[in-house]
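What follows is a set of structures to go through.
The two complexes that follow have chain A in common; it is paired with chain B in the first and with chain C in the second.
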Partner chain A sequence: MHSSADVDKHPSVSKGILKGVIKVSVILLLIYAIVELFIGRLPQADYRAFPLTGSRIAIWIVAQVHLLFGAFVLAVPLFALICEIIALKTKDERYNQLAYEFVKLLHMAFTTTAIFGALLLIALIGLYPKFFDHMTKIFKPTYYVYVFLLFGEVIAFYVYYYSWHKLVGRPLHIVYGALLNFFGISIMVAANAWAAYMQTPGGVDESGNLVSLWGAINTYTWMPINIHRTIANISYGGSIAGAYAAFRFLAAESDEERARYDWMGYVGSFIAIAALLPLPFAGYFLTMEMYAFSQQMGITLMGGVFSWLFIIQAVLIGVLFLAANYYLWLGMMRIKGSERYSKYNKWLLVVVTICVIVWMTPHSIVASLEEARKMGGTHHPILGVLGVMSAKNTAVNIMILATFLSFILYKRANKIATVSWAKTGALVQGLVLAIAVGINIFYGIYGYFVEAIVRLGFSNYMVYAVLGAMLIVIAIDIPMFKGARTTGPIAWGKMPGRSQYALFLLAITFTWTMGLMGYARSGIREYWHVYGILRDKAPDAFTPTLGYAANIVSVTTLLFLGLVALIVALGIRAEKSGKAH
Partner chain B sequence: MEHATEKRKRRIPLFLQAVLITLGSYLVYQYGIRPPIPASILFMFMVVTVAAVLLYVSLDDDSLEEFLRPVLTVIRDDRWKIVRWAFMIAIPLIAGWVVYDKTVPKIEPPVTVRSVHPAPPGSINVRGKTYDLRTLENPLRKDTANFTKHVKAGADVYIKNCYYCHGDFLDGKGPYADFINPPPANFQDIGTIAMLQESFLFWRIMKGGPGLPTEGTPWDSSMPAWEPILSEQEVWQVILFMYEFTGHKPRRWE
Partner chain C sequence: MFKVFIKVMLFSLAVTGAYTWYSNSIPQVTSKPPEDIGDLIKPETTSDDLVKFGKKIFYAKGQCTLCHSMGTKGDRAPDLANAGGMAAKRKAGMSAVDYLAQSLYDPNTYVVDGYTPTMPAVYKNPIALSDGEILAVVAFLQSLGGKVTVDGKTKFAVAETARAKVEKPADGPEGLMAKYQCNTCHDMKGTAKLVGPPLSDIGAKKDKAYIKEAIVEPAKVIAEGYPPVMPADYAQKVPAKEIEKMVDYLAGLKGGK
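Let's turn to the complex of A and B:
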């Protein structure tokens, strides 16, 4: 357990490394001992039952909590490294303090991740031995790589953490941070290979014999999941940082503390939102690869029984966008001179709300018999139009642009451009955004009149228009506001309490969405351990009802957030007792 | 500042604005869209609308204060005692009524979550021949010389067999359509055959409702299995006809 004394004394790096190596070794040895002494002596079986919850639920919860912690310990170093680089560039020491505030939580978060990882491994070996044997047959060499990476990460972490006060802000420390992230991301990439193989297997023959290990690793969904999870983790780290800051803001006792945590919440949410914007595109890529692997899987996911999960996801993403924008709009309250722009907020709200409504309108509709009769079928002639990809793409892209505009307005709220071409610049920016919206509406509507494959091609143009517009607007913004006159500093801490709940909402929604979409990705295998290769013959191999699945996701979310709250509480206690010393 | 206050005074009070927007949106969703939208969608739309209205009234501290003023007045000011009591009685009554309405058993069958496009199986067996649906393509598309002939033959198959339910415009409004629940598919709709590969149609026609997977609720479809009636060639012909007539293109992946 990490104590306050450790934080304050900062033992030498070599001591830290030793501690880390011992910790990982003890956990690995414990797993080995449990497997050999207990599980190894159980009678041979393909499946074993777990008391009370059943095997599947036990694995589900442990795997999900492990994954959430994994995301957390991957996200925080990414977040910290970004902050440290910004600090180096801007010479703003606050970014380093912000990074350290989270890095010191990593210690316990790593241990918790490792404990849940160990539980997951033991549960897989104990409860699903046949499946685990298959995975070992295919992936044994990667297990060694994984253990190597695990040691690498722990060593890199202790080097990074314990050299903090000596080296922070220096390029060498940033190299340490990059190394930590290299190991963290590599661990995720290795684990992704297993999960991707289960979903879209490759490199094996029809009876599941290994033909090529690289083929089993580099499957259809491996790279898309790597990309999707890396981006999502940056976003997730930001949102957790935001929620932490929100808690500290609401509990703050002095204006100085409030200002500090208000700023921290802003930076956290900024990183969360900035990384959230490209996430849908990574999601498209992943789904496209699933379709490419198996049309059947793609249809079950997006049109069949799992499509209802995407309706819930659409609602959650709508909530994320509304919350993120609301936080930015309220943020203008801390900026003198923002009145010039805050009057547009309500119109942005109208745009985002309309987009959210279009975005979440389902294609297949839940309707009673009478309602279905009135609609003339399971499709509604008007809502059906909003339920397809053309409308969704248009809505989400405009939503992204509106959020981007909110941010741009927020950024310039206390600035008045002094360059001679400021008016022209702003006009060009407005025009670029209008063109991007126009392109999206045009292709959105035109998409209804062409075949599906052409429509898919249109979505690329729509994405390019959005990304292009954002790049151009930023490229104009930077020189335009160079040496700008300021209307006053940002009054950090002058933020209404309700804004902080938007930050909580972001973190909770992120966590819940990860659980939900994780279930969708995993559940889509249906009655297969390894899709099309290894059949799941356990009694639990049924697809649970939506409500049931949603409840399990909620349980894991609560469990994870509860544990994070505990880690944070212990961190704060250590910080306070450190101060008392 | 004074000017702004002046301006604020002249417009509709914020609380009333919020009520009007919420009520107006409800009326548009409920009565402005024809045919009426189901309760599940109405609920979703209203939740978003109410959330947006609450965000709108709290965009800055002045607005929030203005919005809350009438609420606080009713709660705190004794001159509004009667209204306060009216709310205090009405709110639990409404809550009670909603709970009662939700829990009381109804004759209506429960709401179904029917998958409109359930996933096809990997392969199907028709009269002893196995078709791999993942790679299956319409062989008649390669026979470009006889394309028109095949489409015409498909039209004949359609009129003799499919028209009664799916209608002469392929819009799901055949003479029997009114007696079938769920109603026959409307092929003109962009959400049906335009989104599917020809192999999907081949499967649906050959195996009909009974061949649907559980998630597609096979007990909830009137589509017969055409396997014993139509030949493989006839099914591919009618598929060609369906796409030619509606102008849709079958879905392709590459």
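Let's turn to the complex of A and C:
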């Protein structure tokens, strides 16, 4: 349980709220003062230059770091709430301790998010005044809602945080947690409306005059982004929790500590992987709506200058899936009885690797004129066939199923089902997975022989087959392993050090992927601030190369990871001084 | 702990570095905002110069090659390698130049068999070609297997009629009905029996579920006395939100009751 020092140093809930409200108010007043006293006195301009890096890079870095912290402070309460609910259901106090370990970090993370948010707002008003004026003209009422939600979140956080020791484990505290998440998700949803409007505007006429505020909010990509980001944040929260636990595991000084953080890393990765599996489907939905808004935008994204970005994305997602599987396979080493299943790991590795290779195969390849002549074009005669949607959809879906299977095998590693229908159940599960793979291979091949529009429709059947199979297998698994015989306890802490690096790899790759895909979503607007409505006439309105974008993404990733490391280090120091006290 | 911290930071650097290296090793393309050529096109511009300008616009600002191919069958849009030669044969009684101009200003009036009406009106955002730039593209397309008949002085009547026609609010249900050309086969205001049944009172006769089914799966609910010619691909090509809007709108048409 928590130390008494921990409890003592907390102010009361009301004092905490006051502290939070003052903090947010000071930040808002500072923004107002800077805008009024400095920016307001600058000569009128559509764009203003920023020294050294230029305006775009400055905005890019500040926005991306703010967004990463935003994801962090949204993900952690989601993660904590899930843990608290599990603790309430299972009466396993470890989940509450796990939740608290992260909630403690939120304090500083919120402040950092707010500081970067303030910097972003000041930079937008100062460097891109014409664009900011346009957004204000359309969305002014939502700004007030945003500020209201911001105060709501701060108050909910302090109530949640400072009432922890008194109320944890009680339903009321879960209500507080739900309230914190409600405000957090609402803030994200409000900000998503602005970003979605920039990409797929609605509710305005062709000159950009507001026709309907709701139309400007409820654009084609608003709901898909809301769904995609919510799921991604759960996954992200899990991966960050996993990385934190991995760090503590590697730095642990006792077996007890190692066991604790090993378990924590497992829970973090479990949540990360569970949310990662449906994430590609949310991505399909988002892309479909982009296509629905503008075929041209969809085609530019998938087949134009951005097509190579999806090869990088395939590498990143491939790394995520490989790291997740690797961690599960190594995790089996600490489970007695897992030998029955670990022999399949090498085959799963083969399947996942083949899928990653197919997914990252480009349709056209970089070739010299001579090489291209020899090949008969820039499309390689064999690889060119794999580099199309039919093959890639099939590969992604089979990779998801293979990871799901790893997951299922891990979960049952130390269990032997005792129900009378266990054999039939396992057979049906195997059959369902085989049918899902079969459907994907069938439509994957059939897709080569039909028109693009028909092929697009096939991807729905493929997705339904995968989702359906996963749901059926879980639905069978739960009753089948109820009251199962165990082959022995899990030896928490008995994990090789390299397994923890798989957890770091997950967190780093998630962060980098978020940066890259953020660039894809923004970059697809090309030379428009608001696609088709407000043209970007700044000197750096061009769409940069992927290498250039990757450099910025890496800078923001390292900056974010460095700041998170600092927050964690301060958290550990406070924890140690609390213990000493 | 410090040792672990250093190791983790080095690992982060190595992973980030690997992603950065990979991203820098694949093809690097910078996409610049398109050059506005419209101001260079004047009444005295010759046909030859128009073709040159048109080619530049075709491959850059016009973004035509995103969908159209040159010399191979296009997946998304027709092959334009012989656009000048084919244009004259597309529509009886319509000259090549009129057909090409129509296709650029009001592209979905005539859709080539086997393709869906997805071409955007190129004078509108985000492509936003000026009248002069469209003239140049017409000249370039004419030059592909045909004779160039336009010069800087040429004006297209369709430029005005298309603007008047297309600039209906596409967000509203009536705009959507126009966008998908429902009124080509259905009388929306009266009771005339065209290719399909009149829809002015459909809301009084049928419920929303029936109307939706008639749009997304028309083969299932063919109105008695009418041929089964309603296109079956609306479910694929019309976004779900727009279908819902159209269904709500049609359900509200009660024939003045």
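For the reader, a short list of remarks on this structure follows.
Quick note on the criterion: the second predicted complex is superposed on the first by the 573 of 581 C-alpha atoms of A that agree within 3 Å, B and C clash if a C-alpha of one lies under 4 Å from a C-alpha of the other, contacts with A are read in each partner's own complex, and residues count from 1 in each chain.
In this section, a residue touches a chain if its C-beta (ideal position, glycine included) is under 8 Å from a C-beta of that chain, and two chains touch if they have at least 3 such contacts.
Given the structure is predicted, the values throughout are model-derived calculations rather than measurements.
On the superposed chain A, the positions of chain B and chain C overlap enough to count as a clash. Of the two partner chains, chain C is the only one that A:Ala565 touches; chain B does not reach it. Legend: residue contacts after superposition of the two complexes on their common chain; A:Gly384 is shown touching chain B, with no touch to chain C. Within the superposed three-chain model, A:Ala49 lies out of touch with both chain B and chain C [touch as defined at top].
Contact with chain C, but none with chain B, is seen for A:Asn551 once the two complexes are overlaid on the shared chain.
Of the two partner chains placed around the shared chain by superposition, chain B and chain C are both touched by A:Val305. Residue contacts after overlaying the shared chain place A:Lys346 against chain B, while chain C stays out of touching range. When the shared chain is aligned, chain C comes close enough to touch A:Gly202, but chain B does not. By the touch criterion stated above, A:Thr361 is placed in contact with chain B alone, chain C being left untouched.
By the touch criterion stated above, A:Trp329 is placed in contact with chain B alone, chain C being left untouched. Clashing C-alpha atoms between chain C and chain B turn up only in stretch 109-117, chosen from 109-117, 181-189, 199-207 or 217-225, once the structures are aligned on chain A.
The residues of chain A shared by its contacts with chain B and with chain C are 292, 294-296, 299-300, 303-305, 308, 315, 362, 366, 451-453, 532, 543, 546. Of all the residues in chain C, the ones that touch chain A in their complex are 1, 4-5, 7-9, 11-13, 15-17, 19-20, 22-24, 26-34, 63, 66-67, 75-76, 114, 116, 118, 120, 124-127, 167, 169, 171, 233, 236-237, 239-241. Interface residues of chain B facing chain A in the complex, by the touch rule stated above, are 33-41, 44-45, 48-49, 51-52, 55-56, 58-61, 64, 108-122, 133-134, 172, 181-183, 185-186, 189-192, 194-195, 197, 200, 215-216, 248-253. Interface of chain A with chain C (complex): residues 202-203, 206, 211-212, 215, 220, 247, 250-251, 289, 292-296, 299-300, 303-305, 308, 311-312, 315-316, 362, 366, 451-453, 456-457, 501, 504-505, 508-509, 512, 526-528, 531-533, 536, 541-551, 553-554, 557-558, 561-562, 565, 569, 572. In the complex of the two chains, the chain A residues touching chain B come out as 291-292, 294-297, 299-300, 303-305, 307-308, 315, 318, 322, 326, 329-330, 333, 342, 345-346, 349-350, 352-353, 356-357, 360-385, 387-388, 448, 450-453, 496, 498, 532, 543, 546.
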